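Mind looking over this structure? Questions follow.
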């Protein structure tokens, strides 16, 4: 089958032919229709320090996808051939403390498809049945971005949203999804900030009541003005930018909640007393998607039409145009990019 | 001033003239503009067993209202003359365990305006400043129904709504408010049931995806059909009808939540093992409004335009037409009825 | 191997010889050392209406046990031969909504060992590896009663216990465990009620500050007296007796929590308005044990020495004395009874 | 009356005579019996930058105390002359969003006794009745330290403690209280760390299962060893030391909770990705005591005998020996120090 492969320990990705996999007991074989391209794939292509430390080429890359079940291994219940599905790309051990107590998203033995084992930028992928979610009518191009959209659901819906003012810091694809999710969950006001006008326009399209260009305007001032001086009830930090982190703590109201998804590089110095403790706030580190609460919640949102994520999908490429896809991410103006595989 | 008074221990209400009250320290004087008429007022007019046991006439009745602050007692902070306001009608003691631990809504020393002390069907009312909420632009006719709307907010938003299927059992005014609140909070599906077609039409107008006429159709069957056999995540029981209570328990999914607001008369026999325990559900008794979380949440919904409650207000009468107002409630077809006082 | 079998559709249990089972993939074979006898086993022996409707003889009975892993099927991770273990007796499907969202304890496809498939009153049992919990030094005679003790943990620790007054209604084995768990979790006062003096003595031994004989004394009055008139913060209803259910609702404080574990037979008539709604309480139906949060919490309690459950174990019998074991349960004075199998 | 006064804008405290205050409406006059000396009082005596920015001398200092109500202003309910009481020293506005929604502990208009208005190092103090808590038999020397003990209750009991492993970082008086509270609430294991052997001995006396001298031993290594490599479920950071903050994040398990009470001076650089986000943890900033949940919970603990805080009280001085009291704090070996006033 055709696949995008990290062939060796060096920059670049290769479109090539690899053997079609076979499902083991408890696994299903999925014919991939659409796959999402993620910043992680860029790190892998660029062969940065993280990628060098983690990946063991050769390996099929890609971890966001949707497709059709075309074969089933033994001992699979609750799925059938012909179903259109997506899947959680974190494969967890099932027997550690976290897995056993409803926190599989932080399993210490997690293996990620496209990173630790063969991934989804291919005509076929095998997945443990446990990780698979039938799409129930959601189109595969939307299914292909449910992994990052799930990060946004996890970020937004582990805070209390109905009636709240929500600040989304950073309007990349996940931030834009977060805007739409917060709107659908009854946020009284959604404020979004970014330094990129294209992304802010996308955030407005996804439902932001107010957008603030952090390159030119004072985000904290804007939030205080919009909230009668209180600050935001919930801040979703999706950028990982150090200055944005300070804005998140400054813009949240006393007793509010800061959800941290963006990953700062290296250390950031903060004033714990004034930015966290005296404010009596709660800070939550968001990693992955809750298994599988987040997925069920997300599927309901999508099948109920509460959220239309398609404006966030700004580019589509065939499998062999992966370099163009990565270039679009590098441009900084792209929303979500998907590969059309079948 | 003109007022509607329960003059003596017998059926009926009297429109008459009473002295205009004066605010004590910590109180404000409010010129009432609009007031809501409630089933409780009907019980008082009819002088039923409950009213006979509780009221000590003579007394101005009415507990739902909004108006303008026209005078302030000493030691009032945070309010000003000229503000348009509504108020929580439960006056609580402030020093019992419940009041001291954030549960003033179940203060055992609660005194209710229009029941235990003079109420709001009058040109003026004095209220403790603590109970008063500025309307921040919400019209007084909407402010006048924020007390019962607050019951609906308390009922709906103490459950987890975003992405959930919500069944509202009973489409009186509070049930109809609940439908709108659940929609605004991102319920994936809102199902409403009642035996009255007019009320069901109102529920649809407030956003119910599905309505079921319990007089002719099987509510539980309908909920199971609409949820792939799972049942509703959240059931709001707003009717107090014994058969509806059984429907609530039968229609909620395993592990779901039943919010009880409707008050059954007398005892209802239920099968605790099969209706509650084996289902692993949580049941919550809703009384009043959380002080003052519910009010702040509600004000945000209204000022953000998340909920338009005006379709629920179906009738308006002047103060001296209270008998016509009560007759409209008795008809069973009315939504919320308000008195236009000034 | 020797086993206690429900041989045919009629009263009685048979001690006989059956084939030793073999573990399938994902299963382990456990040599049973101790097993707990439960009221459910009595229902099965007596062949009551429930048993007639559910069981399909012939079948090895028994669902509470601990023993040693002696063989492993394929594809088992995280367990080893020679480990002493206990196991959750509810075998759940893993793919229903409840299983997928952290609520496996209410999986609608649950199959119970000793009820729906061969059980633990035998020299050997095969169990899915998922259900198995290493004892980490807990003796197997304690491990054998972790299933019912887990019901008590689930009941007590899903309420907020530190600093609370807790009423335990019904001092059978699970009630007595609940007393000890509440004490260890920092309940300020634990009150226990029952109609049986032997059981009340056992509750005192497990740490009850106050015991009330419901046959002779007014339980509600006693709770009010012990709480300055407030009522208990948390009530654990472990009896299933209708009058006790009313006591639970009357004895809980405004805004408190009632945990329902005891199973009333048939319907019980309650006054929802006064017993639940006006009190603003929360009622939770307890079924099984949370998978596997409850088990991990319980294992920590036991290995930390926070709870000594051994006083609750009042009788021990060999496998072939099952009739004597059942007679001891029938007497009403027994705590927990265990079979010594190896 | 005799009082300890910050007389002017310079280092030092003065024992002198000031007028006895009179209770206004809603206030009570309390004859102080015992008062606690706090690090804050040291900052005030030393006239550090914080004190210079906040205090407006002359002012009676001290904010931790207990005594007897000797006179009542008008309009006070629920208290009587002769009652022994303690009081919350944070006087809040009652009308901001935080006060109105159960979060008075983070009222932005908070005025602290002994900092913003006259305090408790005096023969008499007037307090708003709202802030006063009857001791119900708790000795006044214990009542005098319920303010800092309340910080410890707030820190520990807003996490889930029964069955958990709890790491207390920093064994000053509040840390030692935290150790005792965690033990009483059923922590399976309490580990305490500090650099001072005297404080560690006090932590052991308060119930720590394990103590670690951070000056000589590796705290994180010790916690991992004690928890089978998992880390602590809950970490209470009571030191404000930057290195300890890193230990807190390193020692908490995946998905655990870090409660921050200690106040670092200035900024601390942390690696948000690895210390918070990838671990999926929750961080909570603890300020003051929840009003008044924390006080009621604490009073129950103390009256039930769940916690004996007296070992933490290591020094007692008369009012005029405030300099000796401050010197004892400076020594670093003291637990809690109280002034014996009457």
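Order as written gives the chain letters A, B, C and D; numbering starts at 1 within each chain.
Throughout what follows, a residue touches a chain if its C-beta (ideal position, glycine included) is under 8 Å from a C-beta of that chain, and two chains touch if they have at least 3 such contacts.
Because the structure is a prediction, the values reported are computed rather than measured.
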{"item": "Selected pair, out of A-C, B-C or B-D, that shares over half of its residue contact pairs with A-D", "value": "B-C"}
{"item": "C-D or B-C - the one linked by more C-beta pairs in contact", "value": "B-C"}
{"item": "Gap in Å, rounded to a whole number, between the CA centres of chain D and chain C", "value": "41"}
{"item": "Residues of chain A whose C-beta touches two or more other chains", "value": "97"}
{"item": "Footprint of chain C on chain A - complex, ascending", "value": "25-26, 75, 77-78, 93-95, 97, 100-102, 130, 292-293, 295-296"}
{"item": "Of chain D, residues touching chain A in the complex", "value": "97-98, 103, 105-106, 108, 230, 240, 245, 253-255, 260-261, 263-273, 276-287"}
{"item": "Contact set on chain A toward chain B in their complex", "value": "157, 161-165, 184-186, 188-189, 297-298, 300-301, 303-304, 306"}
